[in-house]
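Pasting in a structure now, in C-alpha cells, and then I'll have a few things to ask.
Think of it as A, B, C and D in the order they're written, each chain with its own count starting at 1.
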Amino acid sequence: MDRTRLEAFSDGVFAVAITLLALNLAVAAPGHVSLLHQLGTHWPSFVAYLISFFVIGIIWVNHHVLVKSIKVVDRMLLFLNLVLLLFVVVIPVATGIVADYLSSTAKFAGLNGTDTQVAMALYNAVFLGMSAGFGCIFEWTLHGDRVLQPVPREQHWAARIRFVGGASFYVLGIVVAFVNAVASFVLMGLVAVYYIVERTPARPQTPGEHGAADSPGGESPLI
Amino acid sequence: MDRTRLEAFSDGVFAVAITLLALNLAVAAPGHVSLLHQLGTHWPSFVAYLISFFVIGIIWVNHHVLVKSIKVVDRMLLFLNLVLLLFVVVIPVATGIVADYLSSTAKFAGLNGTDTQVAMALYNAVFLGMSAGFGCIFEWTLHGDRVLQPVPREQHWAARIRFVGGASFYVLGIVVAFVNAVASFVLMGLVAVYYIVERTPARPQTPGEHGAADSPGGESPLI
Amino acid sequence: MDRTRLEAFSDGVFAVAITLLALNLAVAAPGHVSLLHQLGTHWPSFVAYLISFFVIGIIWVNHHVLVKSIKVVDRMLLFLNLVLLLFVVVIPVATGIVADYLSSTAKFAGLNGTDTQVAMALYNAVFLGMSAGFGCIFEWTLHGDRVLQPVPREQHWAARIRFVGGASFYVLGIVVAFVNAVASFVLMGLVAVYYIVERTPARPQTPGEHGAADSPGGESPLI
Amino acid sequence: MDRTRLEAFSDGVFAVAITLLALNLAVAAPGHVSLLHQLGTHWPSFVAYLISFFVIGIIWVNHHVLVKSIKVVDRMLLFLNLVLLLFVVVIPVATGIVADYLSSTAKFAGLNGTDTQVAMALYNAVFLGMSAGFGCIFEWTLHGDRVLQPVPREQHWAARIRFVGGASFYVLGIVVAFVNAVASFVLMGLVAVYYIVERTPARPQTPGEHGAADSPGGESPLI
C-alpha cells in the first residue's frame, strides 16, 4: 500500500463529508413559514455549519501534513485511519442534529432543554472521537522508523501533552453542554478559531520541515 | 503541503457539489400531479440547475488555472481555499431554495413575493461569497514570490478592477432581486454565459502562459 | 490545464453519480407494507439501477480511453466535458423518476399511463444528451492536432456514423416509450448489454493502440 | 486504460459510499420523541454502521493491494470492477434498511418478524455479492500474465478455498437470518472483526511482497 492511495481515499471522504455539511442548511418548502423568519430561527444551523466546516478543513490540513512524512504504510495505520474517518463522516449528521435541536428549542423546551444538551454533548463527543482517532495516528508516527522527520524521543511526552491539551477542550465541551448548551457551542467555535490561527499541536514542528517544505523562499506563515 | 493534494481535495468538493445540484431536479412521487405538469412548473429548477452547474464548472476551471501556477502552499492559502469551498458547497442548497420559491410562487405570492426575492438575493449572495473567496486567493497570488508567472506589479490594480467588475454583477443581482426576482435570474444566466464565452478577468493573462501551457501547437481557443 | 485534473474532476463526478444511483433503491420505513411485497413491486428500481450503473460505468471507461490520448486541453474541451457531465449527474434523478413511475403504475394508471411514458422518454433523453455530449468531445478530437493517435481523415465519417448508430437507440427509445414504456425499458437494457460486450464505436480503433496500451503481453480482450 | 484511473474512480466510489453510510444515523426532528430515547432504540443503526464501515474499509484495503500488482488492465477487469462497485454502492441502502427494521421491530413484529429477517438476509446478500465481485477480480488475477507477483499455479485451489471460506460466512448469515436475525447480525460483526485482525485470504501472500512492499525496514504488522 503506498501513501498516495491512502491520501486519495481520505481526501475523498473529507471532501464528501464537508460537502454534505451544507445540506443541513436546507429550509422548509415554501408555504409554511416566511423564508426570512426561517433564516432567522436557523442561526444555529449556520454557526454549526461554520464550526464543522472549519474543523473538518483543519483536520484535513493536519492529516495531510502528518501523512506526507510517513514512510511505512502498514495495516495498523490503515485501520487507525479508518477510525479517524469513522468519526469524520459522522460530523455532518451530528451537525444536523445539534442544529435541529438548537433551532427548535424555542418551540419545545428552551435552549437548555435536555435534548438540546444531549445533542450538544454528542456533537462534542464526535469531535472528541475524531481527535482521538487523529491522536492514535500521531502516536503511531512516534514509534519505529515510520516518518521522515520523527519527533525526537525526548519530545514525545511534550508532543502528547500538547495534543491532549487540544483534544481536552471537547471533553470540557461535553461537560459544559449539560450546564449551558449555548456556552458549549461558543466554546467549540473558539476552539475552531484557535486551530485556524495556530499551527496545531499535533504537528511535528521540526524547524527544517517548516522552513523548507511548507514555505520555500523565506515565506513566513501569514496567520 | 504540496499542491497536488490541495487540488485533489478541492476537485473532490467541486465534483460532489456539482453532482448534488442535480438532486434539486427530483419531482414529487407519482399520484399527486401529472409528471408533465410538474416538469412545466419546475422550469426554475432547470434554469437554476444550468446556471449553478456552469458557474461551478467555470470556477473549477479558474481554480485550476490559478493553482497550477502556485509555487508556495502556506496555511493562509489553505484557509482562503477553505473559504472559497465554504461557499461552493452551499451552492446546491441555495439553488434548491431559489428553485423551490420560484416554482411555487404561482401558488402563494406571485413571482415577486418577498420570499422569492429573498431567495434570489440569497442565491446571488452565495455566488458573491464564492467570488470573494476566489478574489482573496487571487489577491494572495499577487504578493511575494508565490506563483510561476506573477502579474507584474503595475498591472495589479487593472487585474483587481477586472476582477471586481465580474463580481459586482452579483451585487447588482442582489439589488435587482428586490425589484424583480426573474430579472435577477436572467442577469445571473447572462453572467454565466459571459464567463463561459470569455476568459475570466481573474486569470493572469500573460501571453507566454497562454500560448504555451494551455494550447501547444498554435491551437487558438475555440470559444 | 493539464489532463490529470480534468480526469480527477470527471472521475469524482462519475463516482458520486454512480453511488447516488443506489439511493433510489431505498424502501419505505417499516410498518407500511411488508418488505418482501415492497421488493416485489420495486423491480423497476432494480432494473433501472442496473441499466444506469452500467451505462455510467461504460461512459466512464470510454471517457478515460478518449481523454488519455488527448494532447491539448483547451477551454472548448473543458466546456464540452462540462456538457457531458451535465447529463451524467442528472442520471440518478432520471433513474429515480422512471423507477418511481414504473413501480407505482399498477396503483394509478397502468404500466403505459402517460406519466410512465413521459418518465421513460425523459430517461432515454438524458442518456441521449449524455451521448451527444460525448459525441461532441469525440468530434473535437477529430480536428487539429489534438490527440496522440488521431482517426485518419478518411475514416472520420465512418467513425461518426458508428457513433450516431449507437446514440440513435436512445432516439428510438424515446419513440418506443410512447408506444410501450416497458418495451423502451427492455431496449435500454439491451443497449447497455451491447455496450458492455462490444467495444464502443466512439473509440478510435487503431490496431497499434489496442495491442499496446490496453493489453501488453498479447492479452486478448476477454469480452 | 492505466491502473491509476481505475484506482481513482474506485477510491471515489468507496469514499462516497462510506460517507453516505453515516446518513443512516440521522434521528427524527425534535418534538416527537426524546433524543436520548431515540439514540437508545437506534442501537441497530450504530452496530450496522460500524459493521458496514469496516467491511467497506477492509474491501478498500484489499482492493488496493490486489490492484497495485496488476500489470494489464483490460475491459474484462473494468467490467468485473464495476460488478464489485455495483454491490459496494448498495451497502449504504442495505445498511439503512436493516437498521430501520431492527430498530422498529419492537413496535411491529418483534426482533424476528419476517420483515426483519428478510432485511437481515438482504444485508448479508449484498455483502455476499460484494465478496463474489471481489472473488471474480481475484480469479482474473490468477490467469495469464496479469500481475507482478502471481499466485503459483499449484496454490490456485488453496487460494480459492481460502477465499470461498471467507465469503461463505455471508451464505451462513443468510440462513441464520431466517432463524434469528440478531444472531445473524452478531455473526456479521464477528466476520468484520476477523477481517480487521487477520490478513484476508483473498490476498496473494507471497513472502517477498509482504516483507518488501508493505513494511520496509523490517516493520512487522501490528494487528
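Operating definition for what follows: contacts are C-beta pairs under 8 Å (C-beta built on N, C-alpha and C of every residue); 3 or more make two chains touch, one makes a residue touch a chain.
Everything numeric in this text was worked out from a predicted model, so none of it was measured.
*Asks:* Averaging each chain's C-alpha atoms to get its centre, pick out the one most distant from subunit D.
*Replies:* Relative to subunit D, the chain whose C-alpha centre sits farthest away is B.
*Asks:* Validating interface symmetry: for the copies subunit B and subunit C, is the fraction of residue numbers used by both over half? Same or different.
*Replies:* Both copies, subunit B as well as subunit C, present different residues to each other, with under half of the numbers appearing on both sides.
*Asks:* Measuring centre to centre with CA averages, how many angstrom lie between subunit A and subunit C?
*Replies:* 38
*Asks:* Taking each chain's centre as the mean position of its Cα atoms, how many Å separate subunit A from subunit D?
*Replies:* 27
*Asks:* Check each residue of subunit C and list the ones that touch at least two other chains.
*Replies:* Residues 8, 11-12, 15-16, 20 of subunit C touch two or more partner chains.
*Asks:* Considering only the defined contacts, which subunit B positions touch subunit A in the complex?
*Replies:* So the residues of subunit B touching subunit A come out as 1-2, 5, 8-9, 11-13, 15-17, 20, 71-76, 78-79, 82, 85-86, 89-90, 92-93, 96-97, 100-101, 104-105, 107-108, 114-115, 118-119, 122, 144-146.
*Asks:* In the complex, go through subunit B and note every residue touching subunit C.
*Replies:* Interface residues on subunit B, with respect to subunit C: 7-8, 11-12, 14-16, 18-23, 25-27, 29-31, 34-36, 39, 50, 53-54, 57, 60-61, 64-65, 68, 196, 199, 213-217, 219, 221-223.
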